[in-house]
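There are two complexes below, and they share subunit A, which is joined by subunit B in the first and by subunit C in the second.
On to the complex of A and B.
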């Protein structure tokens, strides 16, 4: 499709540590079309952030290595680019907003300078002030001359967004952009990202564990579990009828729905250790509907409905035949 | 900004805080030196059999017959008047004896500090660029060795190799005695004399700085703001120079400041080995001669210098790190 901006195919990012190989991202496929907002959801430690870092080729290496896959940005496979060519993509074609605004700004450098250094245009000073204005920072002249520690968390996140949007990149990756912020500030930052997206037509890959944010911001969503995509589809379809037991669990445990219930539902257990992931379907130890086949074989991603894919034995023909154990 | 005003009051407060510290150092040194075995009068007279009356006269002339606490009191009050005492051996005011030696010590220490800082930082940065590579391992091994070698042994070895075997550099003193040199030749002569002692004095500190700088650079390289810098598409050189270095320098500056005190210790050995006419050798000679006033004077001066350098380091910190603010809130 011509409309596709980012197409990740079979991405595998492994970390080689002394205890063995951590398969942080294990065969992820995802794509983002022009002007589309795509959510990537999952629990902490499921490989969302590493997927994003892999797209930017920012995986700390060693110990991390992108082992396999293709990352097509328009007509270029980013994984085939050398470091020098990749630099031209970062900040210009693909930008990233990070999770913790407190630690992502250089503490000993003035804010204005940190924005200016990413700009390609020659009229630097004017653009820095304009950028600060465009992300809703009051008194941009003053803020440009301040150090990060003099700003609040929300302001810093605005500065990080200004840095990411400095060169109007076609794709913005936002990695849990509001997790570290107060609830009221969260809404403001999400509004800002939304405004930028509609005004500039930027495509968005939004990484989050908050389904509420996905519902509000995204057109399509990928559900990730233990390094793999387990379900994908448009937001309505997934929220209305989640197919994978993990996605169902996530929705049930989401706070906005649970408010109306007496108890907050949880998914039992924790994300598996990616050094030694469970056999078969990686969710089977926590799955309320696990069957014997789930332990033995890995389900493939099948299209259950148009545009709605799931990787679960419940929906595979021969899987259902084998029945519950 | 009100920053300048608060810096001034900060300096003033720091200097005031230094006073009780200096008093403690004076009392401690005085007590320690006077409790040590040995008698200054005996060491002045030497083996020569002197009449008892003469010894007693000397003792009372220097005030050594008074009780210790009286001597201490007199010493402290004299210091407050700017009088560091009178040297038994040189027969001169202590201050004059020390002041005469200060230029030589500075001439040795300043190049040593600069060299150890510069070489340490550069090697540390280079080492951290490719951790555990051949060059990193080579530099780290050198640093370990440099840290372990005793200064007096290293000084003698350098002298043995470069002065005696190879004959490239002079082995003793601060300049060629008796030679009337001018202009560049005089400078070159001083430089050739400086080379070995400064090297012997700084190797250990180069080693320390390399290790600290390396680990500081590595630590900083994992910081989130370095990931941001990379995500901006900046090249490695810019990331190292603009983002890593200013942050990695902070702990190193502290260490370099602390090191200055240890450099004084080192200079006692180096100046003794290389016959360098500075405070270090004066200290060593005064111990041998039991020249208490001079010894206490050198201790006091070095303490003052260490306190001052630490203050300077803290002020450099203020300039390097915008998060640091001194002064009352």
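On to the complex of A and C.
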């Protein structure tokens, strides 16, 4: 357990809006070990980004509130920290890169100054220029003197990564870091993140909807659906022997350049409204294997194989018995 | 899926160019141009799907608009169903447009937010004075076709009351209403989630078989191309650099840019992904205002030779309907 860097337990983040309560994150357990690359995958609105924002305590509040849970980073429960302490924590211990760098870079401040701002202790080896160099920016002196809008999308993402890595945090959270980029630029950025990971031993929590990126980058994977983790395990077991019908459907419906598919398999229906999620297992209205128990009771996360957990009645003895009775 | 002589060519593009003038001052005449599409040629047969792929700014969406004559080309010809689209006007163009429809990426922008599904889908019939008889029945029929069933619950909804996938189904229904020959799909599934994307692609494939449709599919997503298209044309800075049958191009890409695109696309298979040797391109795509001399890809090409900086390679036939523009393959 000493190796565990981040341990999220029973996290619930709800949004209180005029129509009711949106249960965006509804009891998430997740951990990241030292040096590990962990993927959090799911479709739009499943709560993956809000999980990340909760870890950074960046949930817009109101309307969002972290209702319950613990977020342990080493020996500190982040949810007990005040905003002052949290500020020291962000950037030094955990950093985050986002999908749209333009939103997170200051448009009226030169790039070099923005990086200098976050450097806690500049040294000869740790300067703005060195940092820009380390993220593969070809002409760091020039770029330091430019504004974000003068840079291409890929360059901006590199600048954001430079800011995130300025103080060598042990954990980097990347939320769809390449979704807005072209595929050849995406390959460059993913390569950069991999290099940082191997050179500095940084742990990575990668949030994405792209199963290809997960397959390539991650050691372990969490699959999220409608605010809950439905399955987790190492990347090979998730891709080769997915247990949860949602994970199975997601993999079957994702296309690959490596394979021609005459008939595309799909998951019927649409993602539920989290204002009024389905009873029991939230996937049951779309599940091809749904049983009566799925409607009534929520399945718990059980360990089906070592290191491979799933939340589905198909794998609970109790559930199987009920189905037969 | 193989192209034979009997297959009827419905669309033939030749030497197509579109330059957009750059405004450089209020009074000055512009002398510089964005060369969005810079001389491309291809043809499309009935029941066939051609994918135009490439990254932002390669000219693929401009090509889509040119084909439908939503914008006027700077040079080149477009023949559709045997007629020169650029020479037609008025009623003749209107009649020909009935045979070519488009589906867009952003359904919020392409569906009128103030109209109900019923009105959105009645419009094509009204445009062509086909709103006689029971219009409501016709609309219900196409809703069923695109899987929005029962139609009664969708007819009175506004676009914002539908999910992204349902909105795209309405977009497809509108394109399909008049039973066109050709549907141009401009990043039609790019904004959709994995499971919804598969549903929409499955629907498009089914409709293609049912109505003998041809698709011109504009996308940046090569994984979609593999399972959907028969032919693929890879564009870079306004030019087609490689074109041919999908199976052939994907199994043995000849142009270094096609190789880079394929090698950069992540595959949802952890074992394959870990074996894959990645070919990383340096830098960003150059500006289409001042494209590099010689081969436009030479600034990023890992196999660049001195000749590439001077001369522009032409598309050369490589057998089996494959053409490539690269000096490595001359």
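We adopt the following convention: the second predicted complex is superposed on the first by the 313 of 325 C-alpha atoms of A that agree within 3 Å, B and C clash if a C-alpha of one lies under 4 Å from a C-alpha of the other, contacts with A are read in each partner's own complex, and residues count from 1 in each chain.
As a working rule, a contact is a pair of C-beta atoms (placed from the backbone, for glycine too) under 8 Å apart; a residue touches a chain by one contact, two chains touch by 3 or more.
Note that the structure is predicted; figures quoted are calculated from it, not measured.
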item: Touched partner set for A:147, first subunit B, second subunit C, both or neither; value: first
item: First (subunit B), second (subunit C), both or neither touched by A:58; value: first
item: Touched partner set for A:236, first subunit B, second subunit C, both or neither; value: second
item: Dominant contact partner of subunit A by residue count, subunit C or subunit B; value: C
item: Footprint overlap on subunit A, where subunit B in one structure and subunit C in the other make contact; value: none
item: Contact footprint of subunit C on subunit A as seen in their complex; value: 43-44, 138, 152, 154-155, 182-188, 190-191, 209-216, 235-236, 239-240, 249-251, 253-268, 270-271
item: Interfacial residue positions of subunit C with respect to subunit A in the complex; value: 55-56, 163-166, 193-199, 201-202, 205, 220-227, 247, 250, 260-274, 278, 280-281, 283-285
item: Interface residues, subunit A side, partner subunit B - complex; value: 56, 58, 60, 84, 87-92, 95-96, 98, 100, 103-109, 117-118, 147, 149, 160, 163
item: Residue ranges of subunit B in contact with subunit A within the complex; value: 222-225, 227-235, 238, 242-243, 246-247, 320-323
